[in-house]
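The structure under discussion appears below in the form of structure tokens.
First chain written, first letter: the chains are A, B, C and D, and each begins at residue 1.
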Amino acid sequence: MINEEKEMLERFQQYVDGENKVEPKDWMPEAYRKTLIRQISQHAHSEVVGMLPEANWITRAPSLRRKITLLAKVQDEAGHGLYLYSAVETLGVKREKTIEDLLSGKAKYSSIFNYPTLTWADIGAIGWLVDGAAIANQVMLCRTSYGPYARAMVRICKEESFHQRQGYEIMMTLAFGTPEQKAMAQDALNRWWWPSLMMFGPSDDNSPNSALSMKWKIKRKSNDELRQEFIDKTVPQAEYLGLTIPDPHLKWNEERGHYDFGPIEWEEFYNVISGNGPCNKQRLDARRKAHEEGRWVREAAAAFARKRAMEMQEA
Amino acid sequence: MINEEKEMLERFQQYVDGENKVEPKDWMPEAYRKTLIRQISQHAHSEVVGMLPEANWITRAPSLRRKITLLAKVQDEAGHGLYLYSAVETLGVKREKTIEDLLSGKAKYSSIFNYPTLTWADIGAIGWLVDGAAIANQVMLCRTSYGPYARAMVRICKEESFHQRQGYEIMMTLAFGTPEQKAMAQDALNRWWWPSLMMFGPSDDNSPNSALSMKWKIKRKSNDELRQEFIDKTVPQAEYLGLTIPDPHLKWNEERGHYDFGPIEWEEFYNVISGNGPCNKQRLDARRKAHEEGRWVREAAAAFARKRAMEMQEA
Amino acid sequence: MKKNIHTQGADHRLIYTLRLADTALILGQRLSEWCGHGPELELDIALSNIALDQLGHARMLYQYAARQLGPDVTEDDLAFFRDTSSFHNLLITELPNGHWGDTLARQFLFDTYNYYLYSALCKSTDDDIRAIAQKAIKEITYHAQWSAEWVIRLGDGTEESHQKIQKSLDDLWMWTGEFFMADDVDMNMADIGAGVNPETLKSAWESKVNEILSLATLTVPQANWFQKGGKQGRHTEYLGYILAEMQHLPRMYPDAKW
Amino acid sequence: MKKNIHTQGADHRLIYTLRLADTALILGQRLSEWCGHGPELELDIALSNIALDQLGHARMLYQYAARQLGPDVTEDDLAFFRDTSSFHNLLITELPNGHWGDTLARQFLFDTYNYYLYSALCKSTDDDIRAIAQKAIKEITYHAQWSAEWVIRLGDGTEESHQKIQKSLDDLWMWTGEFFMADDVDMNMADIGAGVNPETLKSAWESKVNEILSLATLTVPQANWFQKGGKQGRHTEYLGYILAEMQHLPRMYPDAKW
């Protein structure tokens, strides 16, 4: 490494250590930029792919109020996708390119969206658990070192908390409803609990990129810390609902001041990530179909805009 | 007309008058052939297009027994379509060509299938009324002068009577069921009654082709005769069900020994025939889609058959 | 235990309210099928917005209809416990979404009609209908602008988009006649100033549609026959499937609250 | 008033019977969607035949399951008054039909499995299952022949058909693993000779599939991970829609007889 670059790297580190925000036009290490592009893209893709399992219940929501709330929620996720694709653009990658990487299978998105939503209770469980896990991560990211990302997160976090409360409220309605509704809620918790814990990513000793992300203050807490926080917060909520978390090892540890929990089946996690989840193909196919079938619309809009721009110029 | 042809025409008429069947290889007047091609094709198309309104309820039939019976019935109609396309082929027109005429909109099919099936009771009403009207016509056609058509009709009539009984049985179950079921049955009768009467075609004074068809014994009863027969048979069946036929003019005429009935709205009839019915576009689109999307399958089967035939030859 | 609500022989005010409500609900339901599948995120969001507005209007109208029926009936009973023959929406709202151009063309034809309808309903002598119309008209005005702009964009975009949207308009045209067909319910509600005689909306609708299609370099379709029946409860074959999907869950657990 | 039937904690014989019944019903239901829309009349008829057979098998099995549940339960209660989590069909049966090649490929993969399964069930120690299997096996044998012939025809037909059916097989492959995954229900039923350990069917199925695909000039797909869960009541997102459509009418009028 030539000296100049080393120096810039040190200056960058000091800048970040001083809790300053990095802005698009600032110099940044190439690895910092790449890490951010990968992470924010993944986050954007997760919002967009994450629309699908929930949209699956809009037409079947059991009341008009729930239908409207769910549609508005999924629409918010589209909005989050937009903010985040814009944040990626500040790092020099066009939205079109970012989306291509998703559709080609090159880019990843949160593995949790490769599980199916099988009953209405899944809409509650996703709000409560999946959004809950996302928020734990996002609250941390509100203080991430990259300015546009941090600002997008502040906006997103506000809406996500709202979604999470809605999800928990669905769970309450079910858990305190008829026995059939309560069984539906328990079944959803059974299916979503472990995938939610996996959302925080591999344990710290298997997470090679984490150290650098922490050093550059992209992340501020480790995967395991965030996971523990989430569990500690969620267990009492499940207890309040009268539902059982599907982990026989789950137990309050007085000494640690945290809940102990059972081992996570990482084999499944890596399998789902690598494309073998129940819905990977279905989700990507749906996004590809939307993209392909929307091409003529996007092209028409672009052609129309060009025509009008030319008319303006001529006038 | 040259004398020879005139003579053959006379001989043909005597042959037909003697209640002999015309067979494919016999000489026949061109107008006879054309009338038959048109009529049998229309009949074939009606069987095939007629599958659609009933197939619309297979996945939603209210019991397993009804589901199976309905599926078997619609399958029978496909079979009838096959016999009839074969009968057309004996007149020198290939099935592919006959189907093209349907898909291009050149050929017609029974207008009744351009009405939608809106409730389960419509499946009963179609069996009872539409199949009932079809049978009145088909029983007559079992004695039509063209041999292959007459033989196809004998076979078809047997199955149609079975279908009609099934339809009436559905109506009985509904009419003697809950008040909601009875209302559903009445609603179906209200919607299907008049279109069923129109199935017999225009009144005799507006049916220019009828005379020749009667002379050649293609038909043996006039549209109005058949319609009256159908009404006379159906009214007591409706009475047994406790349902009201939606015709305020309907009344037994002691003197005629027939039911009098109200005027038919021929404007609607001609409108629906000419393409403006509620489902004309939907029905033809469905057939076109099936045909287009099935092309590669038919081509593959043909290519495979050719390959195997060549292999046989070479061996 | 829930019972089905039937509207055969119901009074004119209730039928009229349900026509408005059902039209809004079924269109909202159809549009919501697009959510997550739009041509791009901005359009996904825009169409979801219209769906949300329609569903919002449906709720207000069902609440009013439920009040007419008495204290035991809720908005959800009306949405989830009626069969097709007691639904009174316009047929055009129940047609399948088709491709984006089909959806957009339907939206433009409907929004333009809906704009003139709700503008008139803002002067209804029925306090509830008037209040609802006055709340809804701002949103509906925006819908009509948005869909008109998109018709222009697609009509005057590429050759492909021009052909596609023209075909969509041609296919949909026979479903627009129902906007303007008056029956006793309409006439009685118009007579007491509570509703609108739909025939009076026709010429404004036609001029606006002509104006926009002309800007879009598109041809106004012709038809000499229009489909009808939705308002009276006689629907297309599509509505049964919409209701099966929409109502399955509440009907599966009729004792549950959600 | 009808109540939903739940199978959580049901005994093994009932679950086993329902796995067979539900698999037959859901496949029959899917296939019946083709009726009226096949590539030609002969194929429409042939596929309807298979659908009819599957639905017929489902009825016999539901009647047996209903007998296990007592005199108040009917075959229709089991088909129309259960939710997804109490359905126990194989996942592959609930996948959308796709194009003709997709349907055909699923049919071939399934029929071949079903043939070996029912052949073994013809020796079941459970009198009812044995009697049903013995009735069904002739039809199933015919299905397996028919779908194998068609796979060969499409594989060795045109370039287009070859590519299409290969893609169909590739896409479906991950759903075939469930055929052979045994759980406690399977093992207990196999232990008493009433059921079959599905693992024992695997090698016969593999050889037959290899043989036919080879005749069809097609490549046997590879997968290192298979989908599962249907037998245990954890399904794809498709089943909910199938049930909504299938069950809507009986659920709408729960007091009616049909």
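The working rule: a residue touches a chain if its C-beta (ideal position, glycine included) is under 8 Å from a C-beta of that chain, and two chains touch if they have at least 3 such contacts.
Note that the structure is a prediction, hence the values are computed from the model and not measured.
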> Which chains lie in contact with each of subunit C and subunit D?
Replying inline: A, B
>> Going by average Cα coordinates, which chain is farthest removed from subunit D?
In response: C
> Which chain pair shares more contacting C-beta pairs: B-C, or B-D?
Replying inline: B-D
>> Suppose each chain is reduced to the average of its Cα coordinates; what separation in Å results between subunit A and subunit D?
In response: 37
>> Can you compute the centre-to-centre distance for subunit A and subunit B, using the mean CA position of each chain? Integer Å is fine.
In response: 58
> Got the subunit D residues that touch at least 2 other chains?
Replying inline: 4, 83, 240, 244-245, 248-249, 253
> When you check subunit B against every other chain, which residues touch at least two of them?
Replying inline: 60, 180
> Drawing the touching chains as a network, do you get a line, a ring, a star, a complete graph or other?
Replying inline: other
> What chain pairs are in touch here?
Replying inline: A-C, A-D, B-C, B-D, C-D
> Which bits of subunit D are touching subunit A when the two form their complex?
Replying inline: 4, 6, 8, 83-85, 171, 174, 224-225, 227, 229, 234-237, 239-240, 244
>> If we count contacts the way the header does, which residues on subunit B are in touch with subunit C in the complex?
In response: 53, 56, 60, 116-119, 180, 183-184, 187, 191, 271, 276, 278-279, 281-282
>> Please output the residues of subunit D touching subunit C within their complex, sorted ascending.
In response: 1, 4, 83, 240-241, 243-245, 247-249, 251-253
>> Looking at the complex, which residues from subunit D come into contact with subunit B?
In response: 25, 29, 32-33, 35-45, 48-49, 51-52, 55-56, 58-59, 62, 75-76, 79-80, 99-101, 152-154, 156-158, 160-161, 164, 245-246, 248-250, 253, 255-258
> Which positions of subunit A touch subunit C when the two form their complex?
Replying inline: 48, 51-52, 55, 58-68, 71-72, 74-75, 78-79, 81-82, 85, 120, 173, 177-178, 180-181, 286, 289-290, 293-301, 303-304, 307
